[in-house]
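Both complexes shown next keep subunit A, but they swap its partner, so subunit B is in the first and subunit C is in the second.
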Partner chain A sequence: MVNILAACGAGVNSSHQIKNALETELSKRGYQVKCDAVMVKDINKNMIDHYDIFAPISSTSLGFDIDIPVVDCGPILYRIPAMAEPVYKKMEETIKSLNK
Partner chain B sequence: MSTIIDIANTIFDPLIKLGAAPLMTIILTVIALFFRVKFSDALEGGLKLGIALTGISAIINILTTAFSGALSQFVESTGISLNITDVGWAPLATITWGSPYTLFFLLIMVIVNIIMLLLNKTNTLDVDIFDIWHLSIVGLFAIYAGANLLIATLLVVFIGILKIINSDLMKPTFNDLLNAPDENPMTTTHMNYMMNPIIMVFDKIFDKFFPWLDKYDFDAAKLNSKVGFWGSKFAIGVYLGIFVGLLSQQSPTQIFTLAFTAAVCLELFSLIGSWFIASVEPLSQGITNFANKKMGGRQLNIGLDWPFLAGRAEIWAAANVLAPIMLILALILPGNGLLPLGGIIAMGVTPALLVITRGKVLRMIVIGTIELPIFLWSGSLMAPFITETAKKVGAFPAGMDSGTMISHTTMEGPVEKFLAYLVGNASQGQIEFVLYAGLALVLYLLAFVWYAKEMKKRNAVYAAEKEDVETSAEGVTSSI
Partner chain C sequence: MNSLQNALFEKETVFIEDGESKEEIFKSVAKQLLGKGLVTEDFLDNLLEREENYPTGIDLSVINPNLPSIAIPHTESGFVKTRRIIPIKLIKSVEFKNMIQPDQKVEASFLFMILNDSPNEQANMLADIMDFLNQTDLEELKSFFELNEEKEIYKFLATKF
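On to the complex of A and B.
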């Protein structure tokens, strides 16, 4: 199981769209993933270290170094499959690189 | 218009009698089917909306029941009349989506957006369907204050057009703040950015008189990482429960009950908010597909919810600092009836501050402090309307003291709420309100026109800088 952390302003809208899209699309492609959605402001080093991949909407400054792979998932929110596809490909490559 | 309303009443009356949750389940399902969403997805969305409405009602019940007695004693003990509970954005969004008018305003704004795109008056396709509630609540408040549906719709369209234009004006700044290339289509029509003209006035004052203050800006990300869980929703619920409990002279048991009740309610508001957003998802996708088809593959900017800027630490640093400032302001501000709770992390305030100041965090805090009273007054003005609407959708406890109300401290678009109030009252024909509303609308438009000119100047500088970079890059290439 690959654990992904999505994040947005309230941890309610955009991050949940990303969570649902990643879980649906990546499971269709044969990956076992679980994605949590949180507020950006609630992320700390201890929390992020429990995940395999960080999936923000855009580049995010958290005040500490992020030691896990980061995949910007903003294009998923455009709701246009062709624009989301590069994100899914990047996510697939990242999952493969984890060797889990 | 009256014929439309009569027909709507004939169709909706039997449905309305079923209650808000089943009514909105049916309406959302039907509207999604209209946009060619698959039946099972449409029904899933409709049911989730009904469930979210029921869930949010239950949590408002828990919060207001727990706090109403303590707040009455708080007023008695302190002499400070803060009898409006701040439930934050999620209950308000859910209550607003509980009105069929929200879907009506949504359809109108989809049409307005497509017309503006076809006429090349904008380059933004707004796919942030969920946030139509910000405009809808303005229309609903105007109706509550006395406007008919036509006047309310005109007000919604007027503000809606300015919001869409604003998304184009802000686009180069978004690219700058995100360090993104021009091809990045992210933009937003979010209501919180309609505070930009007012913020820009203060920002210009800073430019003129206090530019030296910028050199004292601090590292926002470091501050946020130090705040840690102390700034989380449940922690804030605990503090404010203890605060109200102590000042209302409750027993230790009652104080802890208030603290944990507030904490659990703030967490659950967000959780249920996510169900509610999921409910609108099939419709959002259907509308996006429909609008994209109409645009025939034209390259557009895409209007999202505001949080693509949430990665900028300044937003949270300013919100963290503004929270205690808001609490103090709420206690001393004449005309305020709101005790900050669910909206104390000012997400409806700080994104616009970031865009105008471009991340100068001290300016964000100072200007944020100056504008907070507008939010508190607007929230207080809205409280009777929000409480009554919550009662209509069954989201308010029966038998509660008539003085107990709910609202939101940092609801996006406070100025637009005052406009709705004035326009609604003016519709009743009172001459003074007609004058006030006319004057307010003219001032609002003039402020936006001035702001648009300033943003165009800013965007011209961005374009010139980009041209300089390209020219020097070409120079390097040719010399090689």
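On to the complex of A and C.
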């Protein structure tokens, strides 16, 4: 199981859409993933260390070094397959690089 | 159109604003929403703070070059007392940072302000907005963005969203 942490400013809309899209699409592609959606301000070092991949909307400074791979997922929010595809491809490459 | 989507808009909360900046527009709309009991006293401050740190401008030219940019301002459910989308037509477009590329800016001329007091709600209002923009006929959508009366904006959304 690959654990992904999606995040946005309010934690009620954008990050939930990314969570739903990643879980649906990546499972269709044969990956076992679980994605949680949170507010950026609630993320701390201890929390993020429990995940394999960080999936913010755009490059986000958390105020500390992020030791896990980061995949910006903002284009998914457009709900246009051609825009989301590069994100899914990057996510697949990242999952493979985890060697889990 | 279904009952859930209809319930996302109300005639009394469609606005046409002529503010010069997003701060001015947020202040005007937040005051009216507070007066209707739809948001808390802290809503405006949190909306402004969130927009500064986590911008919501969306460049629609990637859908079609003829469409104007929009923004989907929203903040945490704790500052909101309802589940509704607030359409706001801007007389003058104003600058927002791009949601997915915050170092870039967009000139937004329409806002879909999201009020969501149910953080665990499965239905995703942002997804609904994007599907509306992607799936509505382009000519109709262009006409929609040119509407200048609250009742016409509400009528379009109530029938097409």
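The rule we apply is simple: the second predicted complex is superposed on the first by the 100 of 100 C-alpha atoms of A that agree within 3 Å, B and C clash if a C-alpha of one lies under 4 Å from a C-alpha of the other, contacts with A are read in each partner's own complex, and residues count from 1 in each chain.
Assume a contact is a pair of C-beta atoms (placed from the backbone, for glycine too) under 8 Å apart; a residue touches a chain by one contact, two chains touch by 3 or more.
Since this is a predicted model, take the numbers as computed values, not measurements.
> Is the arrangement of subunit B and subunit C around the shared subunit A a clash or a fit after superposition?
With subunit A as the common anchor, subunit B and subunit C collide in the superposed model.
> Applying the document's definition of touch, where does A:78 land relative to subunit B and subunit C: first, second, both, or neither?
both
> Which of the two partners, first being subunit B and second being subunit C, lies in contact with A:20: first, second, both, or neither?
Once the two structures are laid over each other on A, A:20 reaches both partners.
> In the superposed arrangement, which partner chain does A:58 touch: subunit B (first), subunit C (second), both, or neither?
The answer is both, since A:58 touches subunit B and subunit C.
> Which holds for A:99: it touches subunit B only (first), subunit C only (second), both, or neither?
After superposing on A, A:99 lies clear of both subunit B and subunit C.
> Please tell me which partner, subunit B or subunit C, touches more residues of subunit A.
Between subunit B and subunit C, the winner on subunit A residue contacts is B.
> Once the shared chain is lined up, is A:42 touching subunit B (first), subunit C (second), both, or neither of them?
After superposing on A, A:42 lies in contact with subunit B but is clear of subunit C.
> Is there a shared patch on subunit A that both subunit B and subunit C touch, and which residues make it up?
Touching subunit B in the first complex and subunit C in the second, residues 8-14, 16-17, 20, 39-40, 57-59, 74, 77-80, 83 of subunit A appear in both lists.
> Show which residues of subunit A lie in contact with subunit C when the two form their complex.
Result: residues 8-14, 16-17, 20, 39-40, 57-59, 72, 74-75, 77-80, 83 of subunit A touch subunit C.
> Please output the residues of subunit B touching subunit A within their complex, sorted ascending.
Subunit B residues touching subunit A: 89-90, 127, 130, 178-180, 185-186, 219-225, 227-229, 231-233, 270, 273-274, 277-278, 281, 284-285, 288-289, 292, 302, 304-313, 315-316, 319-320, 345, 347, 351.
> Using the touch definition up top, name the residues of subunit C that touch subunit A in the complex.
Touch residues, subunit C against subunit A: 50, 53-54, 58, 62-63, 72, 74-77, 99-102, 114, 116, 119, 124-127, 130-131, 134.
> Would you tell me which residues of subunit A are touching subunit B in their complex?
Counting only subunit A, the residues touching subunit B are 7-17, 20, 37, 39-42, 44-45, 56-64, 74, 77-80, 83.
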